[in-house]
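Read the structure below first, then the notes.
Going by the order they are written in, the chains are A, B, C, D and E; count residues from 1 in each one.
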Amino acid sequence: QDALTLQLKWVTQAQFAGYLVAEAKGFYDEENLDVTILPGGPNIAPEQVIAGGGADIIVTWMAAGLAARDTGVPLVNIAQPFKRSGLMMICPTETGITSPEDFPGHTLGVWFFGNEYPFFAWMNKLGIPTDGSAEGVTVLQQSFDIQPMIQGQADCISVMTYNEYGQALDAGYGPDNLTIFNYTEMGNDLLEDGLYVMEETLDDPAKVDAYTRFVRASMKGWQYALDNPDEAAEIVVEADDTGAAEYDHQRYMVEEVSKLVDPDDAALNMETYDRTVQALLDQGIIKNQPEGAYTTVVTDGL
Amino acid sequence: MIGSLSPLQRFLALLAAGASLVGLLLSLAVGNTPAPLLLFFALGTLSLLRVRVAFNLSLDGILAAAGAAALILSLPAGAAMPAHFWLALLSAWAFAWLFVERLSAAIRAGALPHSGTGLVIPLVFGLTLLVVWEVVTRGANVPPVLLPAPSAIAARLAAETGILWADFVQTFVKSVIPGYIIGCLAGLLVAIAVDRSPFLKAGVMPIGNFMSALPIIGIAPIMVMWFGFDWQSKAAVVVAMTFFPMLVNTVAGLNAASVIERDLMRTYAASYTQTLFKLRLPAAAPFIFNALKINSTLALIGAIVAEFFGTPVVGMGFRISTGVGRLAIDLVWAEIAVAAVAGSAFYGVIALIERGVTFWHPSVRGGRA
Amino acid sequence: MNRVLPVLTILLAILALWYAAAIWMNAPWQNQLNARANLENVAFTEFAQQTWAQDKPVLPAPHQVISEIWNATVMLDIGSKRSLAYHGWITLSATLLGFAFGTALGVLLAVIIIHNDAADRSLMPWIIASQTIPILAVAPMVVVGLGAVGMTGLVPKALISMYLSFFPVVVGMVKGLRSPEGIQLDLMRTYDANPWQVFSKLRWPAAMPFLFASMKVGIAISLIGAVVAELSNASGGGLGVRLLTGSYNGQTIQIWAALFIAAGLAAVLVALVGGAERVVNRRMGVRAA
Amino acid sequence: MPAAAVVAAHQLGLTFPTADGDVVALSDVNLTIDKGEFVSFIGPSGCGKTTFLRTIADLERPTSGTLTVNGQTPEQARRSRAYGYVFQAPALYPWRTIEKNVALPLEIMGYGREQQAERIRRTLELVNLTGFEKRYPWQLSGGMQQRASIARALAFDADLLLMDEPFGALDEIVRDHLNSELLKLWDRTQKTICFVTHSIPEAVYLSTKIVVMSPRPGRVTDVIVSDLPRERPLDIRETPEFLAIAARVREGLRAGHSYEEAV
Amino acid sequence: MPAAAVVAAHQLGLTFPTADGDVVALSDVNLTIDKGEFVSFIGPSGCGKTTFLRTIADLERPTSGTLTVNGQTPEQARRSRAYGYVFQAPALYPWRTIEKNVALPLEIMGYGREQQAERIRRTLELVNLTGFEKRYPWQLSGGMQQRASIARALAFDADLLLMDEPFGALDEIVRDHLNSELLKLWDRTQKTICFVTHSIPEAVYLSTKIVVMSPRPGRVTDVIVSDLPRERPLDIRETPEFLAIAARVREGLRAGHSYEEAV
């Protein structure tokens, strides 16, 4: 068996249902793989883990992956199960914000730690300064929950469709008392959860083969998860060492994630890729047009 | 002569020269060793002469510096160092240690002035650490995203002074200082109140111990919830963090006055406040300063950690967390360096005040053991 | 009895304050909820009860926290990943290991410092500087770095606990080991006692009060260290992980419950150190003040 | 008991509990000290002299019997600052200079700045420590520390002085000098003085009453009232009256002593 | 200088630097102490007696002149455990019981368990502290603490004893007893003893040589060699020879004293 370590971008949750299901259902074993799944967290940068040799494959957002590549960690995208972004910005209607023109003068909550690029790309496109000036917006480093909205510390906050938005719904917010800016619908989406490996490992055919089998099994996992959402949620809850995952919440998450993932196609969509690259270049997040930041050898081999 | 050295110094001298000797031999065997390094190996080997003639201690300093310079000049770009280069590191480090040993021995013996030269020692030690760090990270090709070399950090530090200064003001000036003052003062006052009333003492101390351990990480999100995302919540975390060490130490310190010293106050029928100010607080001063020093570092950690839970987009903790996320690890370390300097200076100021206030305590009066 | 009464009094005072604060802090959200549900003119007693029964309150009421603790410890199988007892044990073991390392390291450094001038002058400033490094920033790197060399689980957490807890011990012990009076040291000189004898027969006993004061701070900090380390290492569980995930899900009650277990642990640990101190004091014939 | 009794002990007893059994430090002590008396306590080491003084000063609590000071309880007397105490050990505060140590009771009792300065100057001169005002205790010799602590007790005006071997570490000449100064002070101010000493000549020279104590359990074995005149030049110590009293004291001391049998 | 010189000081000087100027504690001290001598030091408080003893013991470093102990430097002598020292203050370790305090030097010098027990028993009996073995220092009276510290210095066999006012806090009878015990010990073991005291009779009774010192700066003003016989019953103190020596010591003491002028 080939041993592979997968570093997730976040804590164990249904956002990663495909991998967790593939592991639990033995799909990796079938491909003769011994996969270890490491949960992430707010202080774990998967790019750093893989650079230090702590993982073979990581799940991360493309913006962060390319930024890392730009600073000298040669990450290569080998597959892109997430086709759409789950990122949204929501503003309670009492803030009076109904369109991006209303933003100036308000405080917006943004996740940092590598999750801030889509927001800044969007603001860059709108031409709104983010320096806290009167014509611009004040940016707040948002905690990874919806408290800043409930507490009224921010006028708008970032949410993922599959996670915090559900919390907001639970808390009694909904489309009727929220203004929702969906990055995908606005055409501002940057690619999210993709699979990345270190460039030099691709020189090794055995590795490439292992990656291919890994992606194949993972996509099978995604397929299974979307077909059996109840069981997938249970698997996620079971896989969570911390005991924090709640079935209902994970069940909701599977449902929402299924809208973003295409289990039949692991390949990178070049149109979104180019848009993502362009947005990053425009903002100066990366300095140079990336070369070799993705490969199709794995998806071609499926 | 080597006989005038202490056993430790003798060992270091032999280690330094020996490592150089082996390095020299290996270089000659392998060939292609850069000239500066070769020169250092030769000089280091020559230091074996000290078995015959006495070496001035500054010679050891010069040798250490030469070794450091030679190593850094000879570091190969982008590849791991050849094995025998590590001997130069060992040798240079042994020279530096020897230098520090002999310097402090000289200061102690009164051969060198105390002030001024006293500062050289920690500096030399720190520089040694930096050189070792530089050589190890570059020589062993450690990925910069795991641990950048000090030179890269210094470059970032120089390039980003504006950002670093803004972060410093946000975190240190706005959060740490007020939080520290309030927390320490509160700890002191509660300790006094607790000490005054046995009832309070019995009631508060167990609960105080309990509260003490509220891990800051837990209160940080709560404080952000309560006090908003700006510096106020960070200051609140600092208050919570500094309170307990002060409480515990002050309560212990207030018991430090000896029985006969207290009896004296009783014979004067001194009031509670008089006893407090003229006996118990002075006697407690060493303990109180202990807490002030521990807190000076805790406060900074607390404020930085609290910034991980929501903050305006400025602050040392903010920069560190986003820096890690962006793999700007050199910026992270630059920020850490600022934190270390600020924290050490803070500590130093308190230690200086302590020397002034508790000059009478044997641990200060007696000087070093 | 005269030990229980004061604690109870203070406890009751805190509880009363707490319930009042809970009403006050949860009121805005409750008002929103009530407005949304078109409830008007809610009587105060009923309103108070509403604020004490929210799902994700800003400040949970004491009974909510206590019942959460109860449900998450006694009512659950001890091996369950949802059991706070299970997570508490994980944190506790890292804390104890880290504290043991930290105390040993702290004492060792203090001993070196008081015996060697060069060490005193060169180490002390850097020991201090080391504590100004924000550990949470370094913790993930430590965890990543140690993971790369195959160290996972308890040890990285314990190392971070050690990193935090050795400091109060060094500072206190340097002071304590230097606290003997000149004449007490002179006596040893007249016997030409060797450094080990001076240490074991004079400096060490004289440093006891300082050691215990430092250890009380150290063990509390050690727990904080373990919790902080767990934040960087969501696998494996622990109270820190519970705090974190609680905060991601806005589960304030869960946060408070984990917090209380942590604080309770610390209180017990500090009390244990205090107990050890009393035993040692008795054996050293310390005069009751 | 006349109103003038400054110290009145009746069947006074004090027991210290210790890990290996109780120590009876005082037992059945009956003693009355009138206003203006100069009472010396003499007795073998460990017989309870210090304990008795501490009990008068309300630093120990009797376990049996009664004790009044100025007709009040010892606590009331202490609260009204009835006495000055010179401890057997100097007990100077290490963070205060000599002058500040002497100033301590003055500060506490609220003396004005100038009065403080004046009293410090006077008492330090009395104990011959002029010039050492700014030194810290650890910079003084043993005898100098003891003198500083005497100065501290004399700096304020207490009607009762409790002095526990104040001159123990002083040479004969300083001792003679301080003896006669103390007598002058006593004569001038009508203070009541309780004075512990191991020197029989000193006790006889100074006292109107000599209390001889004996140990295990600590008790009063003899009270010798001296009929020497109040006016006492130093050479009174060679007179037969003086020597007679001294002999009686020595006798009492020897009788109460456990040594003769033990050795 | 004969080989037998145990202590030899030549133009010895010692100055303490303090915040308000230097203190000359010893100046131009010349003194030779031969093996088997019993030398008493006497002089006003603050004249440098303690400082001189501390210098012999290598606890202070002379700032001028030379000093040898057993023909070696003080440091070498200290390292060979040439002396036992009784400090002016008891300096007992508060966390050790009396018996453990006496055991301290024995532990350090590596005596066996049984020998330790035997020596502790013997020396505590000598100072009449039998029965107090398990007490802590704060449970003892001042004089008892001082005796414990004497026992500690006598527990091991040093050929040179440095004793700084060892009997200061003891009553006359214990003092007499210990004086004669000390004399017996000295006679039996041929130890060399340096002894600080404020009592002129004590100095004369014990010594073969009496060194009179005077302060500011501390210096030796007189060295009186006693021709009393080695065998000294207590009543030798009434003989004219004794009184003559005592008178000479008193004379020297008075001459060196700053008091007469100052007061």
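Rule of thumb we're sticking to: a residue touches a chain if its C-beta (ideal position, glycine included) is under 8 Å from a C-beta of that chain, and two chains touch if they have at least 3 such contacts.
Please read these numbers as outputs of a predicted model, since none were measured by experiment.
Trace the shortest sequence of touching chains from chain C to chain E and report its length in steps.
Graph distance in the chain contact network comes out at 1.
Both chain B and chain D are touched by which chains?
Touching chain B and chain D alike: no chains returned.
Quick check on the contact graph: shortest path length from chain A to chain D, in steps?
2
Which two chains have the greatest number of C-beta pairs in contact?
B-C
Need the most distant chain from chain D, centre defined as the mean of C-alpha atoms.
A
Just how far, in Å, is the C-alpha centre of chain C from the one of chain B?
Those two chain centres are 22 Å apart.
Indicate the whole-number Å distance between the mean C-alpha point of chain A and the mean C-alpha point of chain C.
35
When the C-alpha atoms of chain A and chain B are each averaged to a single point, how far apart are the two points in Å?
39
Using mean C-alpha positions as chain centres, tell me how far chain A is from chain E in Å, no decimals.
That pair's centroid distance is 84 Å.
Can you tell me which residues of chain B touch two or more of the remaining chains?
Chain B, residues with two or more chain partners: 146, 221, 225, 259, 308-309, 321, 324, 361, 365.
Could you check chain E for residues that touch two or more other chains and list them?
Touching at least two other chains: 89, 138.
Which positions in chain C touch two or more other chains at once?
Each of 58, 136, 140-141, 144-145, 181-182, 231, 244, 247, 287 in chain C touches at least two other chains.
State which pairs of chains touch, listing all of them.
Per the contact definition above, the touching pairs are A-B, A-C, B-C, B-D, C-E, D-E.
Provide the residue numbers of chain B that touch chain A in the complex, in ascending order.
Listed in rising order, the residues are 143-146, 221, 224-225, 228-229, 307-313, 318, 321-322, 324-329.
In the complex formed with chain D, which residues of chain E make contact?
16, 18-20, 23, 42-46, 50, 88-89, 128, 134-135, 139-144, 146-147, 164-165, 168-175, 177, 198-200, 250, 253-254, 257-259, 262-263
Sort out for me which residues of chain E touch chain C in the complex.
Within the complex, chain E touches chain C at residues 54, 57-59, 78-81, 83-85, 87, 89, 91, 93-97, 104-105, 107-109, 136, 138.
Which of the residues in chain C end up touching chain E in this complex?
181, 183-184, 186-193, 197, 201-202, 205-206, 208, 284-287
Touching residues of chain A toward chain B in the complex: what are they?
Touch list, chain A to chain B: 42-43, 45, 47-48, 51-52, 64, 67-68, 71-73, 112-116, 130, 132, 138-143, 147-148, 151, 153.
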